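Presented sequentially are two complexes of chain A, the first with chain B as partner and the second with chain C.
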Partner chain A sequence: QSGSSLRIVSAALKQGQITPTELCQKCLSLIKKTKFLNAYITVSEEVALKQAEESEKRYKNGQSLGDLDGIPVAVKDNFSTSGIETTCASNMLKGYIPPYNATVVQKLLDQGALLMGKTNLDEFAMGSGSTDGIFGPVKNPWSYSKQYREKRKQNPHNKNEDSDWLITGGSSGGSAAAVSAFTCYAALGSDTGGSTRNPAAHCGLVGFKPSYGLVSRHGLIPLVNSMDVPGILTRCVDDAAVVLGALAGPDPKDSTTVHDPINKPFMLPSLADVSKLCIGIPKEYLIPELSSEVRSLWSKAADLFESEGAKVLEVSLPHTSYSIVCYHVLCTTEVASNMARFDGLQYGHRCDINVSTEAMYAATRREGFNDVVRGRILSGNFFLLKENYENYFVKAQKVRRLIANDFVNAFNSGVDVLLTPTTLSEAVPYLEFIKEDNRTRSAQDDIFTQAVNMAGLPAVSIPVALSNQGLPIGLQFIGRAFCDQQLLTVAKWFEKQVQFPVIQLQELMDDCSAVLENEKSASVSLKQ
Partner chain B sequence: MAAPMQRWVGRGRHWTFARVDGGSCHRREAPTGSTSNRIRGRSSVAQQPLYTTQKPRKGEHKWAAVVGLEIHAQISSNSKLFSGSQVRFSAPPNSLVSFFDASLPGTLPVLNRRCVEAAVMTGLALNCHINKKSLFDRKHYFYADLPAGYQITQQRLPIAVNGSLTYGVCAGKKQSQVIPKTVRIKQIQLEQDSGKSLHDDLRSQTLIDLNRAGVGLLEVVLEPDLSCGEEAATAVRELQLILQALGTSQANMAEGQLRVDANISVHHPGEPLGVRTEVKNLNSIRFLAKAIDYEIQRQINELENGGEILNETRSFHYQLGCTMSMRDKEGKQDYRFMPEPNLPPLVLYDATSLPAGADPQQVINIDQIRETLPELPSVTRERLVQQYGMLLEHSFTLLNEVGLLEFFQNVIKETRAEPKKVTSWVLNTFLGYLKQQNLAVSESPVTPSALAELLDLLDSRTISSAAAKQVFEELWKREGKTPGQIVSEKQLELMEDRGALEQLCHSMMEAHPQVVMDLKKGNPRVINKLIGLVRKATQNRADPAMIKEILEKKLSS
Partner chain C sequence: MWSRLVWLGLRAPLGGRQGFTSKADPQGSGRITAQVIEHLERLALVDFGSCEAVARLEKAIAFADQLRAVDTDGVEPMESVLEDRCLYLRSDNVVEGNCADELLQNSHRVVEEYFVAPPGNISLPKLDEQEPFPHS
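Right, the complex of A and B next:
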């Protein structure tokens, strides 16, 4: 396990090997060094240092609040943070300072975590690259890794190194980059169609989407209320479990949270063997667009389970091919509705036009939203028109039910978890990525992830191995609703088997060696 | 704020309270079902009013009007429908606004239990079927006092459906006969109120007050079973009494706690229903009746003159007494309804479906609410008729005046006088004085105890009824004297001394020989003149019956 994991640094804090302030300052220094990654929109340095100071007092008095006390964390900039600007990477909310904390943010703070800042994203989380926000694209730290650089040197075609940086995936790319570049130990993302798992896969992280209803959405600025969940990005599965333990539970401010679903705390047992486990492989996820590297890793992962005694079954999720279009209809309708409140009257951007209220609304919204957001609002409103409602919205809801039932049937057939790819391929260079428009990209990139959101299931992307280019590839495990602990237990076992290598960013941050010590490339059991 | 220039402008307000399904009540039933539906469910055979044109032609055209109402009643609750903000009338602007009410991004609705209970209670009182599962929907439109850009309402599956409201319409020569009628209730839905816009024309700005935004409303949708302004007004008045009896809404129209939209059309009986118009935001019972009757007549005139009725929204101009088109620039709104994803279905239980061991704080039991239903106005009236032998119309009057029933019951409690006497005094004398001076019962200078004491004096024959009137008048002057004090000060006790009275009669006959002569000549009616004179001489203290008896005896001897 990596020496930079939350658990280990937490132990170091408890033993007094490092103080929260030292840890905070190291992370702040890394944030400065990696500023060019554009991972953070707002760095809350003062807040973090003050929290560190308080944490330090608690440790001195032996009153630590637990595993998260003194741990630097980052939060995607679509979670409300009291007194700290929350922009959703949109002109519409530039300068908006919420007067309250999202429940998940409050819970992290209550546990003593240090809020390092707010991370970059696609505008209102609409995208799969973290390229479409007003603060510019997020750069994937792996672009600058020793692993990737060395591979590129071997290829004579690659010349223009600096402009050939890679996207992080998205929309929680800022959170992924922040964790991947060691500027914090865990970050909150949001996951509506894969926005936490996708960048986790591209950045070599654990990206966990909890069951819908397990974690409060209060304060998360919504994309699709019926699919959004706060996501967790960490460097290992145990860390994700620690954060989940802090976040999970009913919230009186979110009526969709469930009352008594799971035992706490989320201590993950180490599975000795997997012989009692049944792993399902959905055959519909084997599609032509899937890169051969990912396909091969997927099948090796299945072989690994089988060779360790698990039952591996091919299962069918027959409505998979309708999933993306169904997601598109449901997503845009809720977007159209949720974005209606941004009218420039009370908060956020407001245009200079004052001719009439209607003209003010129109100009404000035109100036405040980018093309992607406006496009989704337009389609969503079209689907909700009286004459279209039955044909699109109601139909899409029916398909959603069928998709959810597909999963239920698979689990009822005895499968414990499903194993799928997270993305079609590893991260692509930015210049490659922007050749396609946001909608096409989202449709491609959400292909393996969004069905889970429609069914409300827990899912986690686990980094498996490096591609031929030296870039991370992740695989996704999907569990039964509210069997998050079981899912993470399986993921933890898998993580241990694959020994994914730690990103090597020494060149970038050589004077931060204290944080990075003990990080030596481990063996990769699934190496191609 | 330029106070003198501020005015409430109706424009836009109608959006909030427009029909939920956009369809027409009438249309849904047209063409065949309409007439029979309207008649079905009525408990009376009274003819519905038919309208004639102002200039009747050959073969006189009769018109029938069809009226349906949508009534918004503000739920009487300490906090709003989906947030913990307080509900209070005339609080400083924007002082009762939570983050959710202001629609700050990321906030979520949390359903107020009290509002649900109020809806269930109202549904039960209005004989509705309570849906064990109901749903919330978003209704979208842009307006400055609707910060989320949508209203949360119950379009698809409301909390209560298929009820009825029985009300009484006055009929007969002196409008003294009460005919019971019934209007069907289509549904009752829970929904959010909007904020208020204050348009400042002088500075061409609009000020927004969100205190009301998110307050819980019960929208009661009546089927188009009504046929004139008076019926509508009486039905709304009855609903108001029911809501007040239940305590589910204060239903004070002046404070906007009860607002009515009326859908109106006219047609020839037997023919399909006409095009309807909607008159919005009627906020007094009197204007409601006036607006509906005006609109009916306007439609008839329009059609008689070869015009056509537009399916439009109109407002009632109370100073001019007419309805006017609100001229929506944008024409028909498409509200783009969508299920509210942040609220799970609202599930209610009854004794049979209540899960064992359910936390009473987490569930709502319909049967339990049914047990707590108070006496409803119709039952109160029946009880009054039974218990006190009063006429049905008297019971209506007692309930219609705010506080009058309580006043009456307090008098009854404290007096030995016959209930009929009390009824007569409360409804004629007491109410007459109030009406004359335009006072509410609560502002009355006469307390129930004082009236009770006065009626006791009358009942024990201590004073005559004429003297009682005099005492009442004294009481009205608020001089803080009890009826007993007034009687003794003014020496109004009934003259019990027969000898003295005989003496008085004797001298009165002697003083008026002409009258006595007339009487003896066979004109018995002039005896009243003598009686009057004697009464006057006793300052109303003598019993007129006794005076008459003495006089007759003397005359015949």
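Right, the complex of A and C next:
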């Protein structure tokens, strides 16, 4: 059982077993109870309740907008939301209230979803832990799960219960924690180097990165324009497909969205014949730093496909070892350009200096950005200097082509889907994570995920099993460009095989058992 | 930003220029001179603020230098994964706008319908002319 899923609660809403307002209240109550996770920067309680009221009217009149009508969702705080503060967890945008909605936000609202709030992240989405924003770090709900706590009681060196809390991963950690703690049914993240897939793996969720060009970036405050995509975090693959169905499609406000007719994956078919599949295992992803538990699960997953008759091939992505370096250069250079818009004049933070424009810009940016952001801006500017442009920036662009071609070659050899780890290990304690700096951590943690962004491919992290410590481990599937539906179909089949356990946050769920009962009876009636 | 004197003083104990040479490249092609620092600070309008930031940049450069090992002869740079597609153009009609009030609301300094900027055409002072700022 996938626990409380979007599909099931949507059915309950349609059958009148629960109202959007009741659902909204339940989630708001959970948000309050889980405030210590620091998943939300802004909770838009009034907005959500008003939306719930409108949704209720629609259901009463039999005019529901679809599967997302009345469904609580959360949005990462680097997506513009009209009338709701959008900070990117940075002093530069603290207090900034956008006058428009990001296209993906508007699409969710148009489908009747309830916006519960804006979630926490690393400042400007730079980081792999969700620890480097001005509102503080996000805590992984699994730190408080029965599964983890029981394992830790066996450890004689059990310290103070909360000092060893775990990170969520990042940079969409707030969105991941929000979904994992049942405060919403889906959340938007962003994915530039793995920022949706990484926290999904650490929080036991489905983290989906669509093909570049499938989903509009309009209103997503940009980090790396040629790699950013909105990401989707849910508790099961079917739910991700529902959200993707609402979001995918061309947008006149984003010229990088493609205009091909796309088969919207509303309902994923059941994978009829696994034996027709060819799974590729990139050999360069087997690195010494990979934890033995993840390696073992990866191997078991490959065996699983093979035992069902699928072809499982080793493939080579020869430029893998250069992808982190290439990403580092391209990322910092695009960041240097994108961050130039923050000068204090039209929006955002402005310092008090009025001597000259340049002095004002410099002081504003010193005050507004943290060290991580400033470091990347400076590095990016270095690589873009006239004397460095060819050797660093253009060189990296050439290496990017080689990396993208590696994937093309792998898929051309008959592979349908690649299977890789998502992260090196399970989530680590915050105190351990902060021993290394942001850039080092990002370089380590992005290793399996960022090449996908450079090639613009779709990818999804699926939670597979719990580690010896009772923490989630996820694996990644990578698909061909614009074959998002096929990718999710394979992922759905795999999800059904592994039956990843539901997180047990017992104390929180007790109050909500009444609501869950309604959901259970709805699911029974679905089976007919 | 800090005064050149302070900066030079901090360099001295490391035995002169050697301390800043990246380990990965002993020839020190990634060496950050005071001129480069000043130039980058002016271009980026972001200051280094400390020695650690300079060291971080040097590490970032050393890291990026690993790209030299890749043979990219005859390889075209890739700007976008969608390079094989035509950019879709929309018709040249005004469909939205007239939202000056909304946009002006987000600015700290506005006079009527103008964003107010301090005087331009005044360069940032050079490093040795500046007051040392407290380190962040």
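One rule holds for everything that comes next: the second predicted complex is superposed on the first by the 506 of 528 C-alpha atoms of A that agree within 3 Å, B and C clash if a C-alpha of one lies under 4 Å from a C-alpha of the other, contacts with A are read in each partner's own complex, and residues count from 1 in each chain.
Operating definition for what follows: a contact is a pair of C-beta atoms (placed from the backbone, for glycine too) under 8 Å apart; a residue touches a chain by one contact, two chains touch by 3 or more.
As the structure is a prediction and not an experimental result, all values here were calculated from the model.
S.K.: With both complexes superposed on chain A, which partner does A:366 reach: first (chain B), second (chain C), both or neither?
M.R.: second
S.K.: Which of the two, chain B or chain C, is in touch with more residues of chain A?
M.R.: The partner that reaches more residues of chain A in the superposed model: C.
S.K.: If we overlay the two complexes on their shared chain A, which of chain B and chain C does A:427 touch? Say first, second, both or neither.
M.R.: neither
S.K.: Touching A:394 in the superposition: chain B (first), chain C (second), both, neither?
M.R.: Touch partner of A:394: chain C, not chain B.
S.K.: Which partner does A:68 reach: the first (chain B), the second (chain C), both, or neither?
M.R.: A:68: touches no partner chain.
S.K.: Now for A:334: first (chain B), second (chain C), both, or neither, which partner does it touch?
M.R.: In the superposition, A:334 touches chain B alone.
S.K.: In the superposed arrangement, does A:378 touch chain B (first), chain C (second), both or neither?
M.R.: It touches chain C, and chain B stays clear.
S.K.: Under the stated touch criterion, which partner chain does A:102 make contact with: chain B (first), chain C (second), both, or neither?
M.R.: First partner only.
S.K.: Taking the superposition as given, does A:487 touch the first partner, chain B, the second, chain C, both, or neither?
M.R.: After superposing on A, A:487 lies clear of both chain B and chain C.
S.K.: Going by the contact rule set out at the top, does A:221 touch chain B (first), chain C (second), both, or neither?
M.R.: A:221 contacts chain B only, not chain C.
S.K.: Which parts of chain A are in contact with chain B and also with chain C?
M.R.: Correct list for chain A: 96, 99, 226, 252, 255-256, 336, 343, 345-347, 357-358, 361, 381, 385.
S.K.: What does chain B use to touch chain A in their complex?
M.R.: Within the complex, chain B contacts chain A at residues 22, 99, 102-111, 138, 140, 142, 144, 147-150, 206, 208, 334, 336-338, 341-344.
S.K.: Could you please specify the touching residues of chain A with respect to chain B in the complex?
M.R.: Listed in rising order, the residues are 79-80, 86, 88, 93, 96, 98-100, 102, 217-222, 224-226, 252-256, 333-334, 336-337, 339-343, 345-347, 357-358, 361, 381, 384-386, 389, 393.
S.K.: Quick one: which bits of chain C touch chain A in the complex? Just the residue numbers, please.
M.R.: By the definition above, chain C touches chain A via 36, 39-49, 53, 56-57, 59-61, 63-64, 66-70, 72, 75-82, 85, 87-88, 90, 99, 102-103, 105-109, 115, 117-120, 122-124, 136.
S.K.: Applying the document's contact rule, which stretches of chain A touch chain C when the two form their complex?
M.R.: Spelled out, the residues of chain A in touch with chain C are 96-97, 99, 212-213, 226, 250, 252, 255-256, 258-259, 319, 322, 325-326, 328-329, 332, 336, 343-348, 350, 353-362, 365-366, 369, 371, 374-375, 377-379, 381-383, 385, 391-392, 394-402, 404, 437, 439, 443, 454-456, 481.
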